[in-house]
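For reference, the structures are reproduced in the following blocks.
Heads up, the next two complexes both have chain A, just with different partners, chain B and then chain C.
This part shows the complex of A and B:
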């Protein structure tokens, strides 16, 4: 009677060697004996099979590799005091367990979003240390920390706000020198660009009190110059909306360019808007079927036309020039 | 103990107690001492095992509680005591409660006949070995009670396996001891130890050899084979790793202990380690001379004794200390071998266990009994027993012939049985395969 038990695979092992019966048992014991003997010295090389591998943790600390990742932290630049994060929401979007939450900073005067983050919260208790946030951040503002002794009896303390997340760049440079060296230049360049667009002390790490105070003092001395553009006539618009002035300004700009375009160059200046990185809505999406030289000439012409339009637009007694330029750059959130 | 107390109470203090009172006091004192020593040994063994097995697995083992983790077993004990004691609703409450007691009690009784040093034996029974093994098999009843009362199929399976294993392996264990009993002609553990003086050759076989306490039975072919067989059987009796089938945690949770928690579980644990200690101790005593070793005999001879009334008690003390040291060193060595086997070998299947016991170990020990008879015949028997031709041989020649002959018998028996056993297992494997696939490739 054959018992049906699915497939039986017979492994052909060849004939057993004639050996003294029981020698297999002794060989097995010899293997264990060698391990026992070897275990009295430490083994830190993974190519060796003898010796104790145990790392006696609180006394001996593992040397963590640079790319070790545990929990995300935010970086700020010690020199300027500015945080690298621009509140672009990329990390919040990609986080698989959705544990990143943030609000974008707003210019208190105009209510417009600023490339800086007002509050940033990560729920460490649910973070799965995937490191996606650090991978995706275009500004290298969020990085994975090497700190792993996070156990606590206080659950609430695992919801971590920006003050506790902030680390100076120097800290990250110390734990991951080569990884920071790879991105350092572009990260700082982007930061410089963003600092220019942050009014007042927005985007400065809140723990750098004296830096903020210094900056405020500096701002106070240059107040007359700065005050004029930041106090435009009319009430500031509700959050997230363009003020009527800004809308008007932008419309005027578009109209001026459209007017100028047919006069200056026959091909539509579509690539201009797309290429110059300001996210300005392109008047037309039709790709021009012209040769590269022509396209370049056309683009140059379009830029010239726009500059001309802007000059015209600023000529009327409409004072808030800086808001107009900012409105254009911040368009994605607008 | 009795003489000592008698001298103290009735001699020195002159209290004039009756003999029975002195004897009672003496036995209570010894029993108390042993009941204290047994758990301490168990605690030490758990620590020892964990540290040694860790080393074999390239780890360090518990080293946090106290220096090198020596207080770890105490921490474990405290944990055991503070755990909740759960009795399953469907369990037979009283049997469930009684089972751990029935398991622990025999292991404590077994201490009664184990000699710790020269003159240091709780009771020198003239049937000490028999007592030891008779008592040890009582714990099988306790195991069955535990398995039955738990009303749990894993527990019952584990208990049945345990009982089957104990019953089958008691036979080779006792048969290998019988060989030694034949050599010494006594069942008294104390006299078995006493017969192991000498230097490689026992003074019992060759009266002229210097007595440095090294005439252990393990140096004779009969004793060596008996020791190996007994130790393997002891592994099975103590449910040590290659034979830890009754509590195979990957198959039946924890066997008969599945439904036990807290201190009841702790008692099973205690019984197991105490039993292991005793099995190692009896291996050391019967085959490796127990407390015998260089120096003990000499020190004991200098000490105070009826034969030597003007000896000094200091020598008695030193002889006792050295004897206990040798005894414990041998016991711990055998426990190390148990751990070593645990580190090296995987668990057997139940049928393999039974096959090995019945088809290999028992025939081998039976042959060894024949060897022992040959040994005794050649070295001891003379014309009175009807053996004339050895009468002219010198004792050394007799010993040599006996050694060579028993060695030949044992080696041939071992090789033949191993081959037969391997063939039987291979045939069995083929039958198993035939059941599974219907036919077997002939090349295998």
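This part shows the complex of A and C:
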């Protein structure tokens, strides 16, 4: 039967044949034999169906494609010692399971926010490796790592702070040369702009103690009046090992600090309750509690009716993207 | 003893129906799936599928996320075919918000979904043969082809299974430069693989004994249960969303729709083999027609915060398992007000009782294998 650009074909059913006993077995063995012979050759060519395709992991390692993504890492520039991240909160906002937490650095002299990040925590154990954070980051500061051997018996060590997330740009350039080449210029240009707005050693990678010391010396000679802090504000992150209570306390502290941030700062992340089940939902996310089932059904009906009425008209153009800072606080309006 | 006694004893034996549980943890239930089977001797008199062991609140979670944040969650529905899930969801949001997709992105999408179909069927047939007791050989061959396709997915999207590759109005990034040459190589191997599979198994004695006339789903019953995909086509209904309601760029490709004549396990097996061939045909046409990269902003970053106008939309695609649909209601905010998945595995599973009644206990696993379910999608 012919249909548009094709036919309906009725698959041809095989027939049971009268055969010599054992001939079916021999047929099967012939296929197995061909593959067995092939198995003495290594073969990674896509056009072959014979040969060994497996790798002797861990001695042999697969060559990972550049785009491969596992867990996010933060980049810093080896030359200046500065981190690329400006704590713009874009990645925290987009993260589907809400596992990124951060606080913005503040100038200790004026108390004004500085484009640098003070604390940065990612819960690797709940990260779904979606890669959105790397995709949205306007400063190319967060990228996806190729390291995949992360299994550990120590669950706490999977809540990873800035110190363990930091990697030099050179590392990322090695694992993803063309992807870095695409963004390199603009990333470094933006970084230069941001460095100018970072007083003292704010925004410098904490693992680069020498660079920080050198910068402090330089500051001491040029501006002796200002005593720059040696550590970013906020409790410095302990390396590894966090008990669940410590982890919860730490995340709560970050959230509290962000809540207390000035109104023009980006909003806090979605409630922890959505993820770990024991956090209390933030007030802004609680829908009006009047008879939710009825209200929902009524609204669904109303929406459908409005849609039906609109269906006659032409589909409206796509609405402009909302201002980024409002994205997560929006409550559906009646 | 006199032989007349045996017959007498059997007469006097009190027999009764027995209820047994297959699953939720069972090697051939394809996930945490439980069947309450009532048997009379070896014959099945009733079968009740029980789902819900993998329920994880998918739809509720989705209603709390922004539109884009749901994309990686859809990967986790039918984790064999994350690209197909992405496609259906992206289409639903695009329909809701009125987003246009550049042509090259459409071709890339269709390419990915057709590759998904091949890898799904290669795996599904392997598991079906596994369930028949031809342990592992065909599965290993199928997995080998599947791995090659996953390599391609990894190069394009960064992940093998949870691809998260589609974006509203495009795809996450363009194909890497060595993608198409590798794909062409793969297309050389594909007929060899499918032909070998067919030569080995089509008239294989074991397969015919286990599949022919087993698990018959008559045409009218299949329609009544709204079964879709290879199961429906195996029952002889030439219904394929790609033909019935051509979405994306499917109206530009020539391909056939294979259907069965009896509706048994054997027909579903043969339909899947033929579908792999047809998918290969589509991919060849895609490679021919694939437009150049220039001019198409394939990943429009501005679409991170879509805010569709108030309304609802339903989009459906022919996923490898059947008709996969997403129904979305927008209240004008950045999150879906209602999010509903029409999962083919779930609906294809509902006639299982009717398909199994009257067959033997050993046939249950084969019939289940021939439906090709993934519990991630059944339970959501």
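Please note the rule applied: the second predicted complex is superposed on the first by the 195 of 334 C-alpha atoms of A that agree within 3 Å, B and C clash if a C-alpha of one lies under 4 Å from a C-alpha of the other, contacts with A are read in each partner's own complex, and residues count from 1 in each chain.
One rule holds in what follows: a contact is a pair of C-beta atoms (placed from the backbone, for glycine too) under 8 Å apart; a residue touches a chain by one contact, two chains touch by 3 or more.
Being a predicted model, the structure only gives us computed values, none of them experimental.
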| item | value |
| --- | --- |
| Partner chain(s) touched by A:45 [first = chain B, second = chain C, both, neither] | second |
| Which of chain B and chain C A:92 touches, first, second, both or neither | neither |
| Which of chain B and chain C A:69 touches, first, second, both or neither | second |
| Which of chain B and chain C A:159 touches, first, second, both or neither | neither |
| Which superposed partner A:130 touches (first chain B, second chain C, both, neither) | second |
| First, second, both or neither for A:28, with chain B first and chain C second | both |
| Contacts of A:53 with chain B and chain C, given as first, second, both or neither | both |
| Partner chain in contact with A:10 - chain B first, chain C second, else both or neither | both |
| Chain A residues touched - chain C or chain B, whichever exceeds | C |
| Residues of chain A contacting chain B in one complex and chain C in the other | 1, 3, 5, 8, 10, 12, 28, 31-32, 35, 49, 53 |
| Chain C-touching residues of chain A, taken from the complex the two chains share | 1, 3-17, 24, 27-28, 31-32, 35, 45-49, 53, 64-69, 94-96, 128-132, 135-136, 144, 270, 274, 285, 296, 299-300, 303-304, 306-307, 310, 315-319, 321-322, 324, 327-328, 330-333 |
| Chain A contact footprint on chain B (complex, rising order) | 52, 55-60, 63, 340-341, 343-345, 414-415, 418-419, 422, 433, 435-438, 440-441, 443-444 |
| In the complex, chain C residues that touch chain A | 61, 64-66, 68-73, 97-99, 137, 141, 144-145, 147-148, 151, 154-159, 162, 164, 172-173, 176, 182, 185-186, 188-189, 192-193, 196, 199-200, 202-205, 208, 212, 236, 238, 243, 251, 253-262, 266-267, 270-271, 273-274, 299, 301-312, 329-335, 337-338 |
| Contact set on chain A toward chain B in their complex | 1-3, 5, 8, 10, 12, 21-22, 25, 28-29, 31-33, 35-36, 38-40, 43, 49-54, 56 |
